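Shared between the two complexes below is chain A, which has chain B as its partner in the first and chain C in the second.
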Partner chain A sequence: MIDFKHSMAAHCESGTLTNLLNHKGLEISEPLVFGISSGIFFGYMKTPMREFPTIFSRIRPGKILDNFSKNTGVVFLKRKYSDPDKAEKELDSLLEQNIPVGLQVDFFFMDFFPPWHRVHINVHYIVVIGKEGDHYIVSDAYHPTIARLHRDSLRKGRFARGSMAPKGLMFYPVEIPEQIPMEKGIRQGMKKTVFNMLKIPMPFLGVKGIRRFGDKISGWPAYARNEEQLAHNIFMITTMLEDQGTGGAGFRYIYASFLGEAATFLKDPVFKEYAKRMMEIGDDWRNVSLFASRIAKQRDLGKDKLKELGSLIHRNADQEFSFFSDLRKSF
Partner chain B sequence: MKEKEIKIDYKEQQLILYAEKEDDSIGPILSGSYMAKNHLADFHKIWGSLEKELFAKIVNREISPIVRFKELEELTTAELASRTGIPKRRVRRHLSHRHFMKARVEELQKYADVFNIPVANLFQVVSTKQDGTWNMGYNEKAAKKMALTISQEATENPLLVITNPEKN
Partner chain C sequence: MSENTLDDIKLETRKLILEILNIEDVEPEEISTEISLLSGENIITIDSIDVLEVVVAIQKKFEVSIRDANHARLIVNTVDSIAEFVQTQHQEPAHS
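For the complex of A and B:
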């Protein structure tokens, strides 16, 4: 087994990346990786993959890796496979060379988590750090300790089909520049975030996505076959914002931490103020989460309550519009 | 939010949250999961009643066992089709009892792979007795408190599974 420092992280992709970079010798925090990669985002959409509309508060899976590489010059080797045997052989070969390897997997097959916790989601990231017999040794940023995973489960996870299928994706850093242009990376990350939140011409992305969420939430009963299903999906709002690897408040708290670190790197205290404002926005998202879980628990899911939830969401949209408009002026 | 306001004491499921520390910096803290601590029972309740409802429909031949796993794993027909590689139209037919009876074993194997169960479990329901009541689904935690634990062991043959009742 490779001597790898296992650390839990708020989010699987940024956490996996951070742990791999730290192992390679680059001391960097998860919020910095997340912010440089323009990780924060918002979207609201209805896809054929879910019966209910879904919200997401981060950029597309895989983009954290790509954006970080682009903004810092760190080179990653990324490889996808169509042949599971070949994928397993190459993974084993890298482990024999003492190289920890990042993998994209379906979370459902990570059976070191309890069954009720596991859902089919093809965009979970882990680091494999060794193999003992038929078991791989896994560092999963959501798991408190190093875990063991049978090779059959890993294979199923790596080659699950469906939306955003992993296709055996593996990655690891191969080259870290001696001098990383951190200030430039931070600024580029912020600029892209501002663009994503304010300028993407789609009505369901960025701040417009938050507004759409606020508008549409009162129509959710139409998707439900009964009250129980509606309650479950209202609970899911809280889960998506608080429990699915967001660091709390739909990634707003981790982004506030990034802004605090940015103030030091950019030697500009104004970003400390932005950090504080983002923390307050996070608190308001947490109010959305708590309100959603409360009405779901009490099955108090009438039109009025959903409208009230919608107005809390709209308030957040206004605050984020104002925040990102101000952040844009600071460049 | 301050560390002490956000931190939840719940060891069973822990995660990393970011919070304001004593020195006003914002950093990571290890906390219990808010949802797991406060709403796991609600989750089990919703899922328990859904499972009972689906079981009754299977018994009455209104739906096929595929619906049970599809619903419990929150997969839409489109996603299930994409994951199994079986055309969506055909998956839709397999959701009815009548067409499930005509499904090929090869197709059932594909469904079982996605649900991560032995094919045999499409034809049986393992229940667990809790507080004198039989509940749908095998609950390992509840079973461990009792005299008997059941485990299923895969074999080289994907259609064959060994079920092991074991004394605790």
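For the complex of A and C:
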């Protein structure tokens, strides 16, 4: 087994990346990785594929790695497979060379978690750090300790089908520049985030997406076959904001931590103020989560309650518009 | 809150959970401190809808900060884990 420092993280992709970078000798925190990668985002989407609209509060899975690489110059090897045997063989070969390997997997097959905790999510990330017989040694940023996983489970996880299928994806850092321009990376990360939140010309993305969410939520009963389905989908708002590796409040808390660290790197205390503001915005998103879970549980799903929820969401849109407009002026 | 013993925190936690879940026919002492509150194996169960409610209530009651959702699930897993977290936070000088 490779001597690998296992650390828990708020989010699996940024946490896995952070742990791999730390192992490779780059001391960096998860919030910094997340912020430099412009991880925070918002989207409200209704597609013909799904009965209900869905929300997301981060950039597309996999982009954290790509953006981090682009903004820092760290080079990663990324490889996908169609042949599970070949994927396993190459993983084993890397482990024999003492290289910890990041993998994309379906969370459901990570059976070191209790059954009641596991759901099918194709975009979970782990680090494999060794193999003992038929078991892999796994560092999962959501698990308190290093865990063991049977090779059959890992294979199922790596080659699960469906939306965002992992296709055996493995990755690891191969080259870290001697001098990483952290200040530049931080500023580039912020600029891209500001663009994503304010300037993307799509009515369902960024702050415009939050506004659309606030506008449309009172119309959600029209999508529902029955009250139970409506309640379930209202509760999914809470799940998407609080329980999908978001670090709480739809990634707003982890972004606040990034801004706090940015103040030190950029030697500018104004970013401490931004961190405080983002933390407060996070608290307001948590209120949205709590409100949604309460009305879902109490089946109090009338138009008035949903309009009230919409007002809370609109308030957050106003705050984020103001926040990112101000952040834009700071660089 | 910082003068509370671990046992005090456990008792307060059990009362708080019963209050949140609005359960009147279970005594606080009947809740196992060791068995998961999320698994369905304890005398009461915190379902996924209630997790956030419990997190917010613990923050308010014990003046601690639980902002990380994944860690939150581990913290609210058992009465013991909640109490240990609260006590640890109270022992840290700059807890919020």
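Basically, the second predicted complex is superposed on the first by the 326 of 331 C-alpha atoms of A that agree within 3 Å, B and C clash if a C-alpha of one lies under 4 Å from a C-alpha of the other, contacts with A are read in each partner's own complex, and residues count from 1 in each chain.
Methods note: a residue touches a chain if its C-beta (ideal position, glycine included) is under 8 Å from a C-beta of that chain, and two chains touch if they have at least 3 such contacts.
Bear in mind that the values here come from a model prediction, so they are computed numbers and not experimental data.
Engineer: Judging by the criteria at the top, classify the pair chain B and chain C on chain A as clash or fit.
Structural biologist: Here chain B and chain C cannot both sit on chain A without a clash.
Engineer: Determine, under the contact definition given at the top, whether A:50 touches first (chain B), second (chain C), both, or neither.
Structural biologist: A:50: touches chain B, not chain C.
Engineer: Given the touch rule stated above, what does A:248 touch, chain B (first), chain C (second), both, or neither?
Structural biologist: both
Engineer: Of chain B and chain C, which one contacts the greater number of residues in chain A?
Structural biologist: B
Engineer: Can A:163 be said to touch chain B (first), chain C (second), both, or neither?
Structural biologist: First partner only.
Engineer: Should A:155 be classified as contacting the first partner (chain B), the second (chain C), both, or neither?
Structural biologist: neither
Engineer: For A:238, using the defined touch cut-off, is the partner it touches chain B, chain C, both, or neither? Pick first, second, both or neither.
Structural biologist: Both chain B and chain C are touched by A:238.
Engineer: Of the two partner chains, chain B (first) and chain C (second), which one does A:30 touch, if any: first, second, both, or neither?
Structural biologist: So A:30 only meets chain B here.
Engineer: Of the candidate stretches 4-12, 76-84 or 148-156, which in chain B collides with chain C after aligning the structures?
Structural biologist: For chain B, the clashing option is 4-12.
Engineer: Which chain A residues contact chain B in one complex and chain C in the other?
Structural biologist: Of chain A, residues 8-10, 114, 116-117, 142, 144, 235, 238-239, 242-243, 245, 247-249, 253, 282, 286, 289, 293, 296-297 contact chain B in one complex and chain C in the other.
Engineer: Write out the stretch or stretches of chain A touching chain C in their complex.
Structural biologist: Going through chain A, the ones touching chain C are 8-10, 114, 116-117, 142, 144, 235, 238-239, 242-243, 245-249, 253, 282, 286, 289-290, 293-294, 296-297.
Engineer: Flag every residue of chain C that touches chain A in the complex, lowest number first.
Structural biologist: For chain C paired with chain A, touching residues are 36, 38-40, 48-53, 56, 66-74.
Engineer: Any idea which chain A residues touch chain B in the complex?
Structural biologist: Checking each residue of chain A against chain B gives 8-10, 15, 30-31, 48-51, 108-109, 114-117, 119-120, 141-142, 144, 152, 156, 160-163, 228-229, 231-232, 235, 238-239, 242-243, 245, 247-249, 253-254, 256-257, 260, 275, 279, 282-283, 286, 289, 293, 296-297.
Engineer: Please give the residue numbers of chain B that touch chain A in the complex, ascending.
Structural biologist: Within the complex, chain B contacts chain A at residues 1, 6, 13-20, 25-28, 30, 33-36, 38-40, 42-44, 46-47, 49-50, 73-76, 78-79, 82-85, 113-114, 116, 140, 154.
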